[in-house]
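Quick one: this structure, given as structure tokens, is what I'll be asking you about.
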Amino acid sequence: MTDSLAHLGKTLIVAPHPDDEVLGCGGTIARLADAGQEVHVAVVTRGYEPAFPEALIEQVRAELAEAHKVLGVAKCHFLDLPAAALDTLPAAKLNAAIGGLVREIAPETLFLPFIGDIHVDHQLVFTAGLVSARPRGPEAPRRVYAYETLSETNWAAPGVTETFAPNVYFDISDTIERKLRAFACFESQVKPFPDERSLKTIEALATVRGSTVYLPAAEAFMLLREIG
Amino acid sequence: MTDSLAHLGKTLIVAPHPDDEVLGCGGTIARLADAGQEVHVAVVTRGYEPAFPEALIEQVRAELAEAHKVLGVAKCHFLDLPAAALDTLPAAKLNAAIGGLVREIAPETLFLPFIGDIHVDHQLVFTAGLVSARPRGPEAPRRVYAYETLSETNWAAPGVTETFAPNVYFDISDTIERKLRAFACFESQVKPFPDERSLKTIEALATVRGSTVYLPAAEAFMLLREIG
Amino acid sequence: MTDSLAHLGKTLIVAPHPDDEVLGCGGTIARLADAGQEVHVAVVTRGYEPAFPEALIEQVRAELAEAHKVLGVAKCHFLDLPAAALDTLPAAKLNAAIGGLVREIAPETLFLPFIGDIHVDHQLVFTAGLVSARPRGPEAPRRVYAYETLSETNWAAPGVTETFAPNVYFDISDTIERKLRAFACFESQVKPFPDERSLKTIEALATVRGSTVYLPAAEAFMLLREIG
Amino acid sequence: MTDSLAHLGKTLIVAPHPDDEVLGCGGTIARLADAGQEVHVAVVTRGYEPAFPEALIEQVRAELAEAHKVLGVAKCHFLDLPAAALDTLPAAKLNAAIGGLVREIAPETLFLPFIGDIHVDHQLVFTAGLVSARPRGPEAPRRVYAYETLSETNWAAPGVTETFAPNVYFDISDTIERKLRAFACFESQVKPFPDERSLKTIEALATVRGSTVYLPAAEAFMLLREIG
Amino acid sequence: MTDSLAHLGKTLIVAPHPDDEVLGCGGTIARLADAGQEVHVAVVTRGYEPAFPEALIEQVRAELAEAHKVLGVAKCHFLDLPAAALDTLPAAKLNAAIGGLVREIAPETLFLPFIGDIHVDHQLVFTAGLVSARPRGPEAPRRVYAYETLSETNWAAPGVTETFAPNVYFDISDTIERKLRAFACFESQVKPFPDERSLKTIEALATVRGSTVYLPAAEAFMLLREIG
Amino acid sequence: MTDSLAHLGKTLIVAPHPDDEVLGCGGTIARLADAGQEVHVAVVTRGYEPAFPEALIEQVRAELAEAHKVLGVAKCHFLDLPAAALDTLPAAKLNAAIGGLVREIAPETLFLPFIGDIHVDHQLVFTAGLVSARPRGPEAPRRVYAYETLSETNWAAPGVTETFAPNVYFDISDTIERKLRAFACFESQVKPFPDERSLKTIEALATVRGSTVYLPAAEAFMLLREIG
């Protein structure tokens, strides 16, 4: 039987930092990959010394490769812009980097971080991602979603700043296990509970998001635009 | 080639009054029907004397039948609750009427009027429609959309009351013609321009909504919930 | 050591239906009771035949008494207005019922259901609760919070209708166990997972709400007004 | 020199209860009257026994007449619907009452109470007022404003329910004195400070609203619609 | 007979890039000019090589002059800040440029682009424009409006980011023709339908905005502040 | 008797510029100090030549010291970042400066300026302040509030940009006198009425905020997060 997400087609997940794509879309990535869709990930930034030791960067990259293998990511694209410093770049440069990749991959479906996340890198990637998806021709992405990121989305000021109020729930009952396994690959990033970046919290969030729509596990999104 | 809306499946449009479904979803109905989907319409109210002369009611019903034939509606369900008086009914009664029909038809996709419309009938049907779509089991509708209704949606106080800010655009380039023809069937309802209920305004709105996503004509919606 | 919620003082939880107070505030109730605060619950409605069989009503009341004993509720007040039918009452009557009780108990802290809940009973109790808390004199409640209710708060149209975006988190790490036990008393109301009214979902929500603020378990609220 | 509000033309203030029009628009009424505009007031409700003793009603009416004389109201229209009970009327009846008056007076400018006020009478009058102003023809009012009412507008849940965020400020430096005098006529309604319905609070609010736009005193409004 | 916009007085339109003022306010400009008002335009940015070839810049300037002649613009002021790069300037510099011009022209009415537009230049000009209009004295502009710009306003994420929900409609039935003619002057900028920057979409938008208020054609705005 | 704000504990007020903390929190500071709480102030910026003459800076500092003595501020911390130019710094640098101080002081309660203030310095300090308060461990502040600043909070575009809608009111009836005296210390900053930065407006705002909750004087806040 056809997967009910088969219409998503070729998909690109834009992650400000490595692991955001796993926190926000890990279960959906695995499901799309199982259904034979081509899933790309763009990692927008990388850490640079001295703020980020090179050894750590290399470790994270290796963990990322491992995690992407678990999930079935088709290809990971590194834009290598400076982490925690996107605000120091001209917006035009960020737009060009993300826009260029979107034109190259030409995804049907695009996932972006949420503008209300507390990290300014997330906010800027959201906006640049939307710029890249402007419907200036028939090739623009058909669907644009924002995903939620534990340790980012709940820590701005929901109710005052933009509030993540999901209207899309994708069933990840069959892939939550792999999502957890993929996040566990990030030994440098996973934290002990009650930190939001813990396996227990990831699982609890999937349970809550799923239960809202009578599913054992789900990932939740806000639809930004759909062209059908 | 498969229509890109094929995943919508069996569809129910809930219209507070006859013709709302044409104003909000006429082009989409025709497109779904063309693609072989089963499209149902529920007309929630009917006029009663003395406020609404019986002859007018019968005329509107005949016009409606004509319009639905143009669009390819599979079946129209009449709930016959009192028009412009839904606020005089217990909410439980409205919930039961709409909920009963949703359970009977079991649509995969549900279209509702918008809560921010100025007519209290629209507001109440929105809420009762959402009640009927609560995900209390696996049979709940997979997709719920709100549509916009000329002469209703722009006349509350957008920016103060709930604001229709569409995030879904369905291509009706091939069916805008039939949408206009269907609305023209309502001789009792169509008004001369510049009234919003004029053919010229319907067409201009389709042009604007389409152009926003690089299409010659579109209908716009707000996604309320998608389970994928 | 003093409980960090000791300043809440005498507290009243207003529940449209039995068990809403447990879903929304169960852990907080137990904590306040442990700290020696006097916690009152007002159950606004009761079911009436034929919609609700009397035997069921009696069973729920017995379950409620059991649950309240687990939590340490000081006193439960029954307003006995008709369940799922508050919209058929004059607002003045609902205002009088809730307002009378608030004047009688004179709570320092008041908890209300959320206006964005899908059940119209919840919406009306929210508004009547706020009316009862108007600061028309020095005796008005010092703090008014809205709580979230699984199976109600997530099922309207968050992002379109009022969105529950919590800004208050109360630690229930020591009382989540009793909250679950209290909800389990409602044999007639507890549902198997993945229904939102399941023990697993209640626990997962406490985990997510807690983790957001680095606690093992929390209940989340929106502050409506604080006078300090 | 022409008054800068001369373009407002014939004006109608819709007041749910006597004195709302003074609290929200008293200074503006006096200014318009001074400038030779025709200002009408519609008082939507009146109290009925037993909730409201007839003697009190008569007293308030007399106070109202006095206040209107101070301000220069051209004519006051009494709709005599039941106070604190508009929710018990069919919406169609309220629409007919207000709509009929709007058609009769044909004001260029319309002032309504705010939908976010805590009193359900205010909420319903807001909606019915907007219905009466629907631009179904060239005779619809050119400008519709919502005014703020002390003891109503700040007591719902601003930030959760609709929030009064003014964008219009009318200079009442020359008429604040008369506004205070007019409100003082309501001996039955004026309250000692710190009640919001005190002369001191009315004056302080005018000071704050004025100062925001570098004026000694102003009344603030939200624009709902302007057709220019 | 006096134009009903005669009270707007001397007017300044702030355009991030040439042609924004035509898309957003072209019909209103022509109408004000016809009524004898002095209408100024400030073009905030210009393209610089290598991103923008000088020949193109000169062409656009010539087109702009032509368009302004069609509309009757009194004077166009060029601030010559770098296009698509306002985020690389200190905010203080942008504030000084726009603020200086506002002090020099001392307009009674100010039109700004909308903060929710997708282009960061528009967002920054909105904020700088508001800074220039702070009511720090009696000379601040009396009215500040935000206009909508096709190809900008609909392409962020309305409903998530700031949403353009117009409350002001100015009749351009007599000047839509000249608005279209003015935009057609921009041979380098006009695009074939279904691009939003096409003559057909401009006309359709005017039709929709007009029809909402029973006019053949209108431009829509959001009022940011009025001092009356 | 214990002050009802005793649970706030050690408190830090973050002020973008000297005197913001007095405008927003002066009465609360004095009250907390009276109750024996340790109140810190962080002044984020200072003026630098040539934009700000050194003599003025020194004068303001002296005025500030005087004002803080009146209020009972325990310690004032100067971060000395460039005034009216925070947007020219990398966000990481602002985060480090504020975050470092928050870690050093470890306040239980944190007060921030409001993100909707018109000054970009205020917006950036809000966000950096929230970053510093992320609940990454048990030591995060227990309460985070945003305060309102006359001449900043009302001059963006409330209703379009983030709107200050207070839900917290702290009684300053006993300290409003000292708040006024403290602001009067800023001879270089106080302005004659009707400027918002006048003593008369400060007092009127305290009167309005107080009266809303039946108090002679109050300061109003928006709660951003409470962990209890």
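Think of it as A, B, C, D, E and F in the order they're written, each chain with its own count starting at 1.
In this text, a residue touches a chain if its C-beta (ideal position, glycine included) is under 8 Å from a C-beta of that chain, and two chains touch if they have at least 3 such contacts.
None of the values given here were measured: they were computed from a predicted structure.
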item	value
Chain located farthest away, centre of chain D as origin (C-alpha)	A
Interface copy of D-F among A-B, B-E or C-F, judged by whether over half of the contact pairs recur	B-E
Farthest chain (mean CA position) relative to chain E	C
Computed distance of Cα centres, chain E from chain A, in Å	36
Numbers and ranges of chain A residues touching at least 2 other chains	135-136, 155, 157, 159-160, 167, 195, 212, 214-215, 222, 224-225
Complex contacts: residues of chain E adjacent to chain B	150, 154-155, 157-159, 163, 165-167, 193-196, 198, 200-201, 203-205, 207-208, 210-212, 214-216, 222
Residues of chain F touching chain A in the complex	90-92, 115, 127, 130-131, 134-136, 146, 162, 222, 224-225
Of chain B, residues touching chain A in the complex	4-7, 135-138, 140, 142, 167-171, 212-215, 223-228
Sites on chain B touched by chain D in the complex	51, 84-85, 87-88, 118, 120, 151, 155-157, 160-161, 195
